[in-house]
Amino acid sequence: MSGESAKATGSRSSLARVLSALSDRAWLLLGLLVAVGAMLPTAGLSGFYLTVVVQMYIFAVLALSWDLVGGQTGYPSFGNMAFFGFGAYTTAILLKDWGVAFFPAVLAAGPVAVVFALVIGLAVLRLRGGYFAIATLGVLLVSVQLSRNFEFTGGASGKILFDIPPENTFYYVFLAILAVEAAVALYLTRTRFGYVLNAIRDDEGRATAMGVNTTYYKTAAWMLSALFTGWVGGAWGAFNTFVDPQTAYNLGWNVELITMALIGGAGTVAGPILGAFGLTLAIFVVDTVFPGWQLVALGLVIIATVLLLPDGIVGTLEERAAAMEYYEMGGEAAADSSAAAADETPGSSDPDVGDPEVSDS
Amino acid sequence: MALTQFVVNGLLVGALFAAVAVGFALIWGVVGIINLAHGELLMLGGYVTYWLVAFSGGSGGGSIWVALATVPVALAALYAVGYLLQRLLVTHVADADLFLTLLVTFGVSIVLQQLAIQAWSATPRSVGAGFADPSIVIAGVFIPKIKLIAFFGAIALTLLLWGYLRTTRRGRAIRAVAQNPEAARLVGIDVAHTRAVTFGLSAAIAGGTGSFVAMILSVQPQMGLAYTLKSFVIVVFGGLGSIPGALVGGLLLGSVEELTAGFVGSQWTLAVSFSLLVVLLLVKPSGLFGRSVEEGEG
Amino acid sequence: MSAETGSESEADAAESGVETSTPDSEIESSGDPILRVEELTKRFGGLTAVDHVNAEVREGEIVGLIGPNGSGKTTLFDCVAGRQHPDEGSVFLRGEAVTEWPEHRIAGAGLGRMFQHTRIYDGMSVLRNMLVSASEDRTVARLFRPPSDEARERAEELLKRVDLWGLREMRAGRMSFGQQKLLEFAMLLMSDPDLLLMDEPAGGINPSMIRRMLDYIREANEGGVTIFLIEHNMDVVMDVSDRVYVLAHGEKIAEGTPEDIQSNQRVVDAYLGRE
Amino acid sequence: MRTDTSRRKFLAATGLTGVTALTGMGTAAAQGNTITLGGSMSLSGDNADLGQLYRDSYELTIQRINEAGGVEAGDGTTYELEMILRDDETDASKSRAIYQELIDREGVDYLLGPYSSTVTLPASAVAARNQRPMVEGGGASPEIFSQGNEWIFGLLPTADKYPLSSIEMAMAQDSPPESAALLAESDTFSQSSAKGARQKLNEEGVNIAVDQTFPTETSDLSTLLGRVRSSNADILILAAHQKHAVILAKQMEAQNVDVDMAMATVGSLTSSFKDQTGANGDYVYGPSSWAINATFEDSVFGSTGEFVSAVESEYGYQPDYHNAAGAAVIQTFQRAFQQVSSLGPTNVRNAIRDIQFTTAYGNVAFGDNGVIDKDMLVYQWQPQAGGQAGGTTQTQNGTATNGTQNGTATQGGGGGAGGSGGASRKVIVWPESVQQRQPIYPMPNWSER
């Protein structure tokens, strides 16, 4: 939420007011979401429909985790499902081969994914933009092959789990992971740490020249993304009772979670969550109405998202709010009382730098 | 002895990888997008051949010449598909951030694959073209004739494209747009049309290669991803925009994969080629021959 | 000396009452200079961009660095700031050798850098650009806490000083080029640098903006910030600098007060290409 | 890149394709007391050809039962059988999602197993978790029955048994093999049968010259066959499914691999295999858990012979053990419904546990881990001196939604190989007790064909 609740004098555009009001009450909204979510199972949600809501939580965590790296820090990972797979395999192996109890096995999934993230990050975080994306895609594909060939991961047939807790336990585990991550993201994006991530996204060179050791911050964001992706992967592995290279490193989900973050609004906290809930429901509706065609629908949604809504719903709203605000205040630049005597007009704005909407006086 | 056999197997298939990679490199270099749907274009080419052979009296038409006759048809069909894809869709993304082009083309690949599944089911099919005695033997090395034809076919397609780019006016226009779209526009080149032609050519060579793949192996809707990813490795290895680089890269990748299959175990071939992709990006982003693949970061 | 960018603004700068007398802030030369460069050499293949340059900047000074295009000015700045590492020679900050330090460590040690092409965080609001530049991120505790009130107050004070307070909620990328340059300057001040490297602060902005920039530079200098600036606009350099170094083809060909430099024949020849 | 790792699989947990919902004909449906059997089957994807055989047998058996008046359950009412069978596109996760939805949304209590161990293994986990009995005739990996799962029953002998009888046959010949080559697909079933083959070969003292695993999506075995050729192995064992059996047969000639015996664990006996390989398929061996000329009693079809003619008249191809096993799956449920005092997943499961009856497929009885105890027979494609040609009947495979004939583009008479010769027929060559003909061992070299 970039709406800074600054002690702004003078009126603010209506949309900007709404947004900053929402962002002030973000904590309240999050609490509401968790409360309603916690209530659903007692209100009779079960069976197939419970799996639908669980799927929404899973994708929300995946999209939000991707956003920490892709949206906030400007490093668009194309291989986040690798951490999901590491988490799923960790829990499956701990449960099945080492006889570890359910909760410790799931809890271990996150840290294991973080260790992998650290090792991988040291290499791939040196690349940027499209090449970082390709490298992470390569990492994901290598992970698929390694899991298929190693004995301890059960090779191509994967791992089967039998004695696992009832579905309600899983429901609360997934809700908890989402709630914790949303809270962490909400808090971090308002601290210096969050600001520095955005600085790295906008101009890493400038951040370095301001004394920021960008490697630490990038790696931290990458590991945080891996932590939650690993956790949700671990919980999913047990919930699905079956972990094999194809599903644990699901190439389709890998793209779907990015689309959800983009549709919602990369670089915000609410965006990825709303995008995940919306798209998961849409896919289920398409699947029940014309089974078999949901994948074509997904492909079309991905294309439409990139072409029409690159900033996503929340992103576009914020953009609009900022633009409206400029009109109201930008017109008489620095209308504020402290304006210096000089007939202050914006400098001769260079055409290609200034945004066309900027009123050129 | 076994070594030469594996290397020969590798080269025979490697030529196909090279032809696909050349199309992939062309799009990356000229239009500036990474086309994750490139493998699907190959798949469509394969189905063109499969259906033409099936409909041309599948029972009688077992001969190789009928199959070869379908290659030009596949080229033309995929050229049209490529041209349309560029005009309708890719133009909006051409100068967007590289990452967004990855996403859009992935969406396209999902749609193409799913439509293929809905239309022809996901069952693998092979064109039964074959020879009476399928292999010729040179110094103890077995070379299936059908694969030899596919090898020369792929090399021919690659050289044709290279010649086209080198000699014809349109070819020069394409290379001009590759180096500097603005300058090209200044000297009167219709950049949008040129990019569409480039996409058409890239799709055509992928489709033609697909025909050969249908002849020597099999074709099914899900086959595309493997060829796209091999193209990645080859282009990153051979360097962007360099057709000789892609050719050498393709032959090398084919050999590396077959040698791995021969000496280590074929379940490791994919692990090797994908690790190659990551390592190459980190170590030598500019590849062996071509222009640096690395983004010109200020 | 006809400076190639001589414009009538030079005249009104004089009589518009902007005192141009060299600041008489006492330059105590005790102890090491804030910056010292010894035998600094940087080669790119055959070309020697910077050729055994020796220079220093003392506390509180404003030192100019001039020379025709391609004389190695920006490369010198890059070596000082750690963006590139010299082939020979060394760089000292307050007597401490920092030649091999990475860029972010040198910046963290109090060296601010303003680039030729303005570099700010265009995706974030103006206020956030300021807050992220605060120099308080040294301790981890501060890292995971919202920006402190002092930081907010300092940001407000600096933004007001450069008249950008009214635009604080706007995305920095939407501002005009001149406003972005001012924001960059304010951000650098926010990071409390001891030494500020400025690459053509007067480049690409209209005369009235240049006057404002000069005022801000002097204000910052009086506030204790030592400034080392590259500038092609001779009037600006001669007006604001205590001392000037002149580079040509990577070599230092002259140094001294603005008056010495203007009368130095070798400098004139260098500019007219008769070197 | 594993062809099955296609994007199509990625929405496995969410996407499911509905293909067939067959409701029983006949009158008994009037009062709506029907029992629904549900499941997923590979009706497209790599195992489509074999999945098809199960669907045909399921449909045919249910149709015959309903025509004969339905099932008189132990609780005194007559039920009509109904089936919902959805296409899982040879994808394990899609199959799991189908079973989960059938149980949750369609209220299905009795599950028909899918095809292939890779799909059956995870599907069996769903059956166990939801405590619904699953009877399957398509998954033979011992792993399915070693998880302590009390809700899964398999009609196929375990995978490790598949290659054993062929190896026994080879050892019993005049010049038994000294060295063998083993190529195994990377999936669950093939790996289990490869393990069985390794054990048997070591027991018999045969040196394993080549032992290689290849990824499921490989479509080119030239290099592996090159290794087999240079190792001069006497016999070649391919632990894989039909897709690779076809590739092996076609590429063996191209790589000039001459062995005394070439055997594929699955998929080398179907008509579609013979169509795609033509003469290259001659002399190839394949195991089967069912003898087409057996003379078992069958409560639904009468006898094995009548079952064979029923399938031939209904679908136009000669049935193999996949068909027979498919029919036995339905009859196992039928028999269990008859024996329970009141319907319900747990009662039916308990009834199946100690069921004992004969079908066209043979005697059906389950061990305490849920799998049938049966040995394999060995078939071989032998060029036909005369008599009824088996291999040329046109196969109907893979239902395409657009209805066009989309069988594999058959390369016509005798495939590419010159001179199609007489059509060949698959005959039982081992064990001697049920032998129709002597095995042609060793196989003629490619130059002699």
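Letters A, B, C and D name the chains as they come in the text, with residue numbers starting at 1 for each one.
We take it that a contact is a pair of C-beta atoms (placed from the backbone, for glycine too) under 8 Å apart; a residue touches a chain by one contact, two chains touch by 3 or more.
In this text, all values refer to a predicted model and were calculated from it rather than measured experimentally.
Enquirer: Moving only to chains each one touches, count the minimum steps from subunit B until you reach subunit C.
Expert: Tracing touching chains, the least step count from subunit B to subunit C comes to 2.
Enquirer: If you tally the C-beta contacts, which comes out ahead, A-D or A-C?
Expert: A-C
Enquirer: Calculate how many whole Å lie between the centre of subunit A and the centre of subunit D, each centre taken as the average of the chain's C-alpha atoms.
Expert: 45
Enquirer: Just the number, please: Cα centre separation of subunit A and subunit C in whole Å.
Expert: Inter-chain centre distance comes to 39 Å.
Enquirer: Between subunit B and subunit D, what's the gap in Å when you average each chain's C-alpha atoms?
Expert: 36
Enquirer: Please tell me the distance, in whole Å, between the geometric centres of subunit A and subunit B computed from their C-alpha atoms.
Expert: 34
Enquirer: Can you list every residue of subunit A that touches 2 or more other chains, as numbers and ranges?
Expert: 141, 148, 205, 251-252, 292, 295, 298
Enquirer: I need the residues of subunit C touching at least two other chains; which ones are they?
Expert: none
Enquirer: For subunit D, jot down the residues that touch at least 2 other chains.
Expert: 1-2, 4-5, 7-8, 186, 215
Enquirer: Under the stated touch criterion, can you name all the chain pairs that qualify?
Expert: Those chain pairs satisfying the definition are A-B, A-C, A-D, B-D.
Enquirer: Note which residues of subunit D are touching subunit A in the complex, please.
Expert: Residue positions touching the partner: 1-2, 4-5, 7-18, 91-93, 96, 100-101, 104-105, 117-118, 121-122, 125-126, 128-129, 141, 143, 147-149, 186-188, 191, 215-216.
Enquirer: Touching subunit A in the complex: which residues of subunit C?
Expert: So the residues of subunit C touching subunit A come out as 81, 83, 102-105, 107-108, 112-113, 115, 119-125, 127-128, 131-137, 142-147, 160, 163-171, 173-181, 187, 191, 204-206, 208-209, 212.
Enquirer: Which part of subunit D faces subunit B closely enough to touch in the complex?
Expert: Its residues touching subunit B are 1-8, 44-46, 48-49, 89-90, 186, 212-215, 217-220, 222-224, 226-227, 229-230, 243, 246-247, 250-251, 253-256, 276, 278, 397-402, 406, 408-413, 415-418.
Enquirer: Using the touch rule from the top, collect the residues of subunit B that touch subunit A in their complex.
Expert: 34, 89, 92-93, 96-104, 106-111, 113-115, 118, 225, 229, 232, 236, 267-268, 270-271, 274-275, 277-278, 281-282, 285, 293-295, 297-298
Enquirer: Can you check the complex and tell me which residues of subunit B touch subunit D?
Expert: 1-2, 5-6, 9, 13, 50, 53-54, 58-62, 109-110, 113-114, 117-135, 137, 142, 144, 146-147, 217-218, 220-223, 225-226, 229, 258, 261-262, 265-267, 269-270
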